[in-house]
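Think of it as A, B and C in the order they're written, each chain with its own count starting at 1.
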Amino acid sequence: MKLAKSLVLFLAVSLMAVSFAYAGKDLDAVKAKGFIQVGVNGGVFGFGMPDEKGVWKGLDVDTARAVSAAIFGDADKVKYTPLTAQQRFTALQSGEIDLLTRNATRTLSRETQLGLNFVTVNYYDGQGFMVPKALGVKSAKELDGATVCVLPGTTTEQNAADFFRSNNMKMNPVVIESTSELAKTFFAGRCDVLTSDASQLAGTRAVAPNPKDYIILPEIISKEPLAPAVRHGDDQFRDIVDFSVLAMINAEELGITSANVDEMLKSTNPVVQRFLGVIPGNGEALGLDEKWAYNIVKQVGNYGEVFERNVGVNTKLGIERGLNALWTNGGLMYSPPFK
Amino acid sequence: MSTPTQPTREYLAAPVHKDGAVAWLRKNLFSSWFNSVLTVLTMLALLYTIPPLIKWAFIDSVWNTSAEVCRDIDGACWSIIPRNIKFILLGFFPEGQEWRPILAMILLLGLVIYSKERHRWKKALLWYWLVGLIVMGTLMYGGVFGMPVVETGQWSGLPLTMMLSFFGMVCAYPLGVVLALGRRSKMPAIRTLCVVYIEMIRGVPLISLLFMSSIMFPLFLPDGMTIDKVLRAQVAIILFTAAYIAEVVRGGLQAMPKGQYEAADSLGLNYRQTMRLIILPQALKIVIPPTVGILLSAFKDTSLVVIIALYDVLKTTKVTLQNPNWTGYSTEAYIFLAVLYFIFCYAMSSYSRRLERELHTGH
Amino acid sequence: MPSAVPFWRDEAKRAIVFQLAAIAIVFGISYYLFSNTQANLQRQSIATGFGFLDKEASFEIGESLIEYSAADSYTRALLVGALNTVKVSFIGIVFTLILGTVIGISRLSKNWLVSKLAAAYIEVMQNIPVLLQLFFWYAIFYEAFPAPRQALNPFTGLFLCNRGMIFAVPAAHPAHSAMGWTLLAVLVGGWVLNRWGKKRQAATGKPFPALRITIAAAIVLPAVVWLLYGAPTAMDIPALRGFNFKGGVTVSPEFSALLLGLVIYTSAFVAEIVRAGIQSVGKGQIEAAMAIGLRPAKVLQLVVLPQALRVIIPPLTSQMLNLTKNSSLAIAIGYADFVAVTNTIINQTGQAIEGVALIMLVFLVFSLSTSLFMNWYNKKMALVER
């Protein structure tokens, strides 16, 4: 049977898809492969989603690109694996991906029980409620008996249930897997309330048929520090991911942008010189090229640029910096010294 | 329920016009009072639904505009399709290389259409397919003749749907035949294993197998070893389809008269020869139509990979709908997809009917 | 030695070796995967076992046939999901049978228009993936209907809005359960009566109108019970209070979309089966039945249906099972069926293996019990055939 031959051929081809990650250091494995495999959401506008041409865009995507720029000096050595909420941790644990930047909330149980290391938060979020203005609701405490649109199986769903229970209220959940479907059902009036991370509420409101008809209630019922995650076991790789995020924040603190970074190379400020690798040391300490931070800022930008580009006030999402402003502006973004 | 006509009626009735529009109408639409009422009611229902639909789809609609224009019209916004056609059909395939998947798909369709005629079912055909597959694989993967390498992770949209269906069918078929033979085997252990496998797979929904492949299977592998998730889903589809094919093939094996086995035995053929030369060629031939039915549903079922975040053509459409510019035109996008699937499925099912007719008269 | 056949040529011995090898391979692979899994779970400190079932679920479920709140256990949440699956499958099967039969018969109609429409329906609906149909119907449901405050109210007691269809039901009263029990008693009595009637007909040749008596009793007796209880007429009429309608019965859009999608898709297949079944009865059979003077209804009842059903039932069963299995696609449009609930639980606990195993187990139980029933039924039908 010639069929058998083509079968063998197919098996041979498919065997190429089976890959053995190097046991031991993840960094070595990543370097040997020549790219980072990153788990992303794939369905949240502004955080991780392909555009019309199939190019990945978003805050989480740029975080991954920063890591790539740090390791390879090229922000585009990234391969993306879109994951559902339930696949994301398994994918990281099994080694299918090297890095998870999929707006995952850092929690104690995830860090300990799932064997993950979360690094510096790249977006501070919190869960809120959005309602149509016409409903006349001013506080989330008035939502007894409401129909609530919520994404299933996330901390969001649990938080909402907890909030209603602790306030002795009844809720009527409508759970739909996809963010956009959920938003559409909400605007169509299928639910009274949409609950989600505040960032997404803002983004959702921005695409409403008439954004002025909706208000976001003042209550923020949870803390959602969204952070990239890596596996337990390779501290060096963890450090690189951690400081790649921090480098973007530090660059903003130092006023270095992708536009002026070449200028800044000539800066006489030793802090800037150390950051950009003009005074060597940082790169060697991390096991990277001394230009690593320069590459991040040059190719991806500082945190402020990344934020404004993907989710900021001039985008469809129109999110204010808020908690995600630098600490000097009343936010939580704070980088330790780069020395 | 159709009640039988009195056979004598035709001779007793007054002669009517045998042709012409009036006669046709009378015969086909107004043959009895019941039929007349039925016709009138159906017409009314159609009149009520079709014109607004046409107005929405064709008259008030726009075909190639920006999303802003769509906000102000009442009709369908078909613009979502041409404006996003590249991503919907080809997903992440790099820009400037679009001709490669398109050419590969045309090649695949060409081969399929060429293989439709039964008189071409010869050994040479298998070689054509082998060459065709290699060419398609090269086109998709690249790496030679100056074509940049495109990783399998970037194969998405329609090529992914086609790949999942095609390999799902091609690999499931031999596996299904083996399982069917196993189920009919005289060896109790083999038989039990096959029965358990077939009944288990047929008893659970495909989605549970896809869940298994996407969230359970990584836990089965030793530390550090991973298998591409498209491949895992592909395997799930193969395993699922094989169980159904096995049942169809078993039907064919059971339909073989005992005399065929006895004749083979009396010629001194062993089990393998009996199956390969006598039983399978006949059994597989009579089950061709139901097999095509199984393959057809395998093709439709590939759309379920949406649920495990693979970017098949349904997922790319949904992602397009997630873009704030295009949110809200789901009806248009889904209708487009429905037409796309319909064309493929209709072609396959009418082909299966043709084969059924041909094979039927062949006896 | 008389038996010069070496053992590898001896068919019986070879079979044993072959089977042992197969079993060894299967067990070997299972053991390999199992030990890998053990190691992985330990390394990643993922909990194992079904201990989580007793823990508090702490998530709400949109619709439930039984009392449920976030404070209940995972077990109860799973039960809610399973009941929702049973609900949508059962109602879906009933509607599919009705719609499929109507369309299958329409396909055979002599009316050109009706026949062609039925053909178009079958062709189109069979060839569009059911998941796509579900997405489509769900989008239609919440986009086309108004918000609760502008709910359509075609007549008193019925509201249509994007929260679903809300209709009035008789207010709870002990009379209702009494009527239900009466009806059940009548049905059981009717069944016994029918058997007795058939036996008598076989013995004496006198037919007994068991069916008509049963139908009459099924209508009259519950009504009598209702009157005995004082003829309660109070209705539970839904009213807009707060955010949603209170009172009455609500059919959610998720349920409706799932039901509609499954019914429309599956009924196209059922129509084909019904058509083939009816066509499988030879024309001569019908002519012969007419020739011995049976009326059309009797021809249908005594000649066509018994033969057509034998052809129809087996493929019909597999379509019903398909519908049940396809109901698992509920997860894509937010109906809380068993798979959707389990999916949420997997997300919360991280125990994917247990979750997927539960899904498979529940559907296997559904499928295998249906298969057993159908095998029994097929045997019964075969006996009738002589």
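Note that in this section a residue touches a chain if its C-beta (ideal position, glycine included) is under 8 Å from a C-beta of that chain, and two chains touch if they have at least 3 such contacts.
The structure displayed is predicted, hence computed values, not measured ones.
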{"item": "Label of the chain whose CA centroid is most distant from the centroid of chain C", "value": "A"}
{"item": "Central chain of the complex, centres being mean CA coordinates", "value": "B"}
{"item": "CA centroid of chain A to CA centroid of chain C, Å", "value": "42"}
{"item": "Approximate Å spacing (C-alpha centroids) for the pair chain B, chain C", "value": "25"}
{"item": "Centre-to-centre distance between chain B and chain A (centres being mean Cα positions), rounded to whole Å", "value": "37"}
{"item": "Interface hub residues of chain C, defined as touching at least two other chains", "value": "40, 43, 139, 143, 331-332, 343, 346, 352"}
{"item": "Touching two or more other chains - residue numbers and ranges from chain B", "value": "215, 219, 221, 223, 307, 318, 330"}
{"item": "Multi-chain contact residues (two or more partners), chain A", "value": "86, 90, 93-94, 177, 181, 184"}
{"item": "Residue ranges of chain B in contact with chain C within the complex", "value": "1-4, 7, 28-29, 31, 35, 38-39, 42-43, 186-190, 193, 199-200, 202-208, 211-212, 215-216, 219-223, 296, 300-301, 303-304, 306-307, 314, 318, 330-331, 334-335, 337-338, 341-342, 345-346, 349"}
{"item": "Chain A residues touching chain C - in the complex, by the definition given at the top", "value": "85-86, 89-90, 93-94, 112-115, 135, 143-147, 152-154, 157-158, 160-162, 164-165, 171-177, 181, 184-185, 188-190, 192"}
{"item": "Interface residues, chain B side, partner chain A - complex", "value": "83-84, 86-87, 90-93, 95, 123, 126-127, 129-130, 133-134, 137, 151-153, 156, 167, 170-171, 174, 214-215, 218-219, 221, 223-231, 234, 307-309, 311, 318-324, 327-328, 330"}
{"item": "Sites on chain C touched by chain A in the complex", "value": "40, 43-47, 58-62, 69-71, 138-139, 142-143, 146-148, 161-163, 241-244, 253-254, 331-334, 336, 340, 343-344, 346-348, 350, 352"}
{"item": "Contacting residues of chain A [partner chain B, same complex]", "value": "1-7, 9-10, 13-14, 17-23, 42-43, 45, 49-54, 79-84, 86-87, 90-91, 93-96, 177-181, 183-184, 203, 206-207, 209, 316"}
